[in-house]
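Below are the structure tokens for one structure; questions will follow.
Every chain is named by a letter (A, B, C and D) in the order it is written, and numbering of its residues begins at 1.
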Amino acid sequence: MPNPPSLSKKTAAIISRPARPQVAQLLPGLISWLDDHNYQIIVDEQTAGYVSGQKVIPRSDIASHPPDLVVVLGGDGTLLSAARATAAIDVPILGVNLGSLGFLTEVPMQSLFPMLEAIAKGHAAVETRALMQVELIRDDQVQGSYLVFNDAVVNKTALARLNMYDLFVDKNFVSTYRADGMIVSTPTGSTAYSLSAGGPVLMPIVKALVITPVAPHSLTHRPLVVPDSAEVEILLRTEDELAYLSLDGQPGVDLRDGDRVRCRRSEHHVKLFRTGADFFHVLRSKMKWGERQAYE
Amino acid sequence: MPNPPSLSKKTAAIISRPARPQVAQLLPGLISWLDDHNYQIIVDEQTAGYVSGQKVIPRSDIASHPPDLVVVLGGDGTLLSAARATAAIDVPILGVNLGSLGFLTEVPMQSLFPMLEAIAKGHAAVETRALMQVELIRDDQVQGSYLVFNDAVVNKTALARLNMYDLFVDKNFVSTYRADGMIVSTPTGSTAYSLSAGGPVLMPIVKALVITPVAPHSLTHRPLVVPDSAEVEILLRTEDELAYLSLDGQPGVDLRDGDRVRCRRSEHHVKLFRTGADFFHVLRSKMKWGERQAYE
Amino acid sequence: MPNPPSLSKKTAAIISRPARPQVAQLLPGLISWLDDHNYQIIVDEQTAGYVSGQKVIPRSDIASHPPDLVVVLGGDGTLLSAARATAAIDVPILGVNLGSLGFLTEVPMQSLFPMLEAIAKGHAAVETRALMQVELIRDDQVQGSYLVFNDAVVNKTALARLNMYDLFVDKNFVSTYRADGMIVSTPTGSTAYSLSAGGPVLMPIVKALVITPVAPHSLTHRPLVVPDSAEVEILLRTEDELAYLSLDGQPGVDLRDGDRVRCRRSEHHVKLFRTGADFFHVLRSKMKWGERQAYE
Amino acid sequence: MPNPPSLSKKTAAIISRPARPQVAQLLPGLISWLDDHNYQIIVDEQTAGYVSGQKVIPRSDIASHPPDLVVVLGGDGTLLSAARATAAIDVPILGVNLGSLGFLTEVPMQSLFPMLEAIAKGHAAVETRALMQVELIRDDQVQGSYLVFNDAVVNKTALARLNMYDLFVDKNFVSTYRADGMIVSTPTGSTAYSLSAGGPVLMPIVKALVITPVAPHSLTHRPLVVPDSAEVEILLRTEDELAYLSLDGQPGVDLRDGDRVRCRRSEHHVKLFRTGADFFHVLRSKMKWGERQAYE
């Protein structure tokens, strides 16, 4: 059912995980559907590895050719990357998983076309997720600024003994932590690394950040939930200058004694197309909680 | 320095923990100060056990003689009780601890009069804390309605084996928990029972509730933080009708299979006069985190 | 293949979980097999609910008619009960689960007859599990003495606030715990209630007991592993006389302030016939760890 | 009170933490006492930094000049180092802390001379602690062999994503862990890093090892206690060859995909002179449990 020609064509970007046979299967149909629905198509380098003849834009430049729709074929990792790349342009993302349900890529392959139809008709639900702006500050200079979806982690290296971290919330000193590392997580990230380190699950709509120490020396140091209007700052104190900052699980940036990692809610958000399933449906599935239980 | 007579006298209520010598020491000076500052004084039955000649009003009726100021002499337990008794009337509370710093009774005895002076001059800071409205629902009827400051707990009894609890958030099913109990806590309550059961610390200003299972059968059942605009409901499922509901740690109300405990943010708040010390100062002291540490 | 007649017939006891269709299916074949192999059969009351014509002995008296073999048809709860009832007579138990693998009832229904054949041929592996002797001591008098397989738990009641427990190991004071309860667990019990309360998993052959506080007030109170040659004593301190002692998850015995619960390794053991599967196989299955994972 | 000359002089080794004024204070008196009691004295390089005129032997060579007594002036870290250096020669160690009680250096400075007198008279209690032998195996070759007192840790590096570890106990596969790291700890090490990662406390006399994953991806992966007669093996599986092995908290050895870390109880032990105080006394002090509590 081809659409009538439109004066201003819309643009759709396809971002893919490399080396997955399922992506190769999905792409021809997806491209046809987008063509039929009058979308101009751009693909990232990874997608270009599966198909030829499409306009290729590096993932990091996609925001400069602002699409009206982003389709992600992959897992949560691919979607995290796509979300950071397009956060500044407020475009909704359709995240399709390739077999195993993701916290973010909730849409199964068989629902790709029904979801596209719903999007075309304006029926698809969109969920907004908070992002976190992270700055690395050295000698009172901003050395780097990053947009993260899950978490910022300051961690020790192989050669370091226990590091110390001073935590501040809105410039108020909280405590000195001796720990392997410190995680500052969005609600979205609360089901990722923070959970492994003993943090709580936050519903995505809670306006909060959670700060979770990893293997803290003091057993009384527990995860701390702060409003997302707060500025969270971690001051690294290490004699050996052996620590690093990792963002959304990416390989780390080296840190030095005295470096500060400052986290606050970003003004940007991520918009995700959702199936009807609520957060708890995904949570039950990912946490293996099973469905409602009968009496034994 | 007696104040000039005023046409409309203000009222101050004094609420005390029984059987504490420190209360007997503080009361004469406190009463003098309130007299001198033109307050009409009412005292609860516990306070009447220390002094004679004051107008005695049962604690549960104090809100019917609405005071302009409530002074609590005791620990966090006494303040919890005072807060529930006066929540409907929006009166600020001055909580004075009798020796050991409380999360809520942060003011030490030696600061009682400086704090009163600051209050008289309108300089004293006031902090607002959220309360939670809890309803017990049986056969679709509201059996009881309670105002709580810390937490609502559904727990098994001595005779019960593991109970099952179905958790709902805004009518959405979350999971079936097999556990000793379920805690629904305000941010204020996050440093009480919920913490012992593995919950996170929430800053008091976070607009959220935390649901913490006690000794859950499934190791993947973790504390869950939800927005305080949500309605949290726990449905008790027990073959043996052996469970109870406890509010702010008070002795419990018996529950039956099928009972529902529904929690939501109250429209009421508690107002606490605070010294300058921030939440983290109290947290460090109560959690024995110590102050900022130097390198070893 | 009927066995040759023997001068002294052996005895087999059958102990069953009530109200399970699978038991009704298994029993005729099991009884035939035992008859054919020259066993005299005794059954407990629950088994008598499924079949007629067998000699019925109350479960608690089975040790007085000492069987040479005990077959348990049920789950871990039924096996716990059978183990306590027969602990004094050193008889090996064949625990058959009715569909879902148990930590103790590891043998699936379809393996019942192969296992019986292996037992008849003397090929079946037997595993020995430690039991714990628990005494309740009041006013220096032994009020009760119990044999437990999993754990002894001292717990608060619905009406109690936080109780205090003094822990002693070999008469040495360890600490005062404020907690919902205290668990003293055998290695076998380490995967039961203790695990839910944050305890470690102990391999069954570790010669140790683990003491796990439930929701301790102090976050530094952690599970403690002691040698099973030690005497572990919990002294209850409660103003309200509102606590109870529960053994292997059975409904509790009331306790008073000053009561002591004393635990030590029993001189008795439980012997379980095992399939070839090792402890970790069961652990992986029960803990949902899955099998060895490939790279993603 | 000089001792009578003896035909065979005994040897005492002094091992010190560098840069501590308390060591400089203690050393002259200690050396005098040892001279007076007919000990030949050897000191390590660190001790030689405080005093001249003594025979200096590198710490790692002290076992080749086997002393009859080792005195350690420092904290637990210094004692760990001394214990590894002298483990092969079965010599008792007197560990003196320099101000803050250690789990291992339990003797306060003011008790140094009373303890030495007790040792001279043969009255001093000696406690034996287990050591662990750790081998690093690559391509079926033993690449390194280490004696550890606390723990062996396999950990990811800054650049690694989540590593996988296959755990085997006595060649039986336990589970594949996705985690930051894996700790294999002696009972002595159970109060060190393993505790921070959620492990239990083991009394030093428990004949067991504890395996504690650090921030495991699966919430059902819990600390596991195995008999110390078992062989524990961790097989590293990492695409990126980015992991390291750390022993007793020392800077790490690089590991590759496929490397195996094999841990078993050593045939060697450490002997520590102890004051009368039991393990729980030290535990209470280090864990800030305080003493026996009265009713509030």
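Rule of thumb we're sticking to: contacts are C-beta pairs under 8 Å (C-beta built on N, C-alpha and C of every residue); 3 or more make two chains touch, one makes a residue touch a chain.
Note that the coordinates shown come from a computational prediction; the quantities given were computed from them, not determined experimentally.
Among the remaining chains, those touching chain A as well as chain B are C, D. Of all residue numbers used at the contact between chain A and chain D, over half are used by both chains, marking a mostly same-residue interface. Centres computed as Cα averages put chain A at a distance of 42 Å from chain D.
Centre-to-centre, using mean CA coordinates, chain A is 47 Å away from chain C.
Residue positions 195, 198, 219-220, 222, 287-288 of chain A each touch two or more of the other chains.
Across the interface of their complex, chain D is touched by residues 155, 157-159, 161, 179-180, 193, 195-198, 214-217, 219, 244, 246, 249, 251-252, 254, 287 of chain A.
The residues of chain C lying in touch with chain A in their complex are 219-220, 222, 288. Chain C meets chain D in the complex at residues 164, 166, 169, 172-176, 178, 187, 190, 195, 198-203, 205-208, 210, 218, 220-227, 230, 237, 239, 278, 280, 283-284, 287-290, 292-293, 295.
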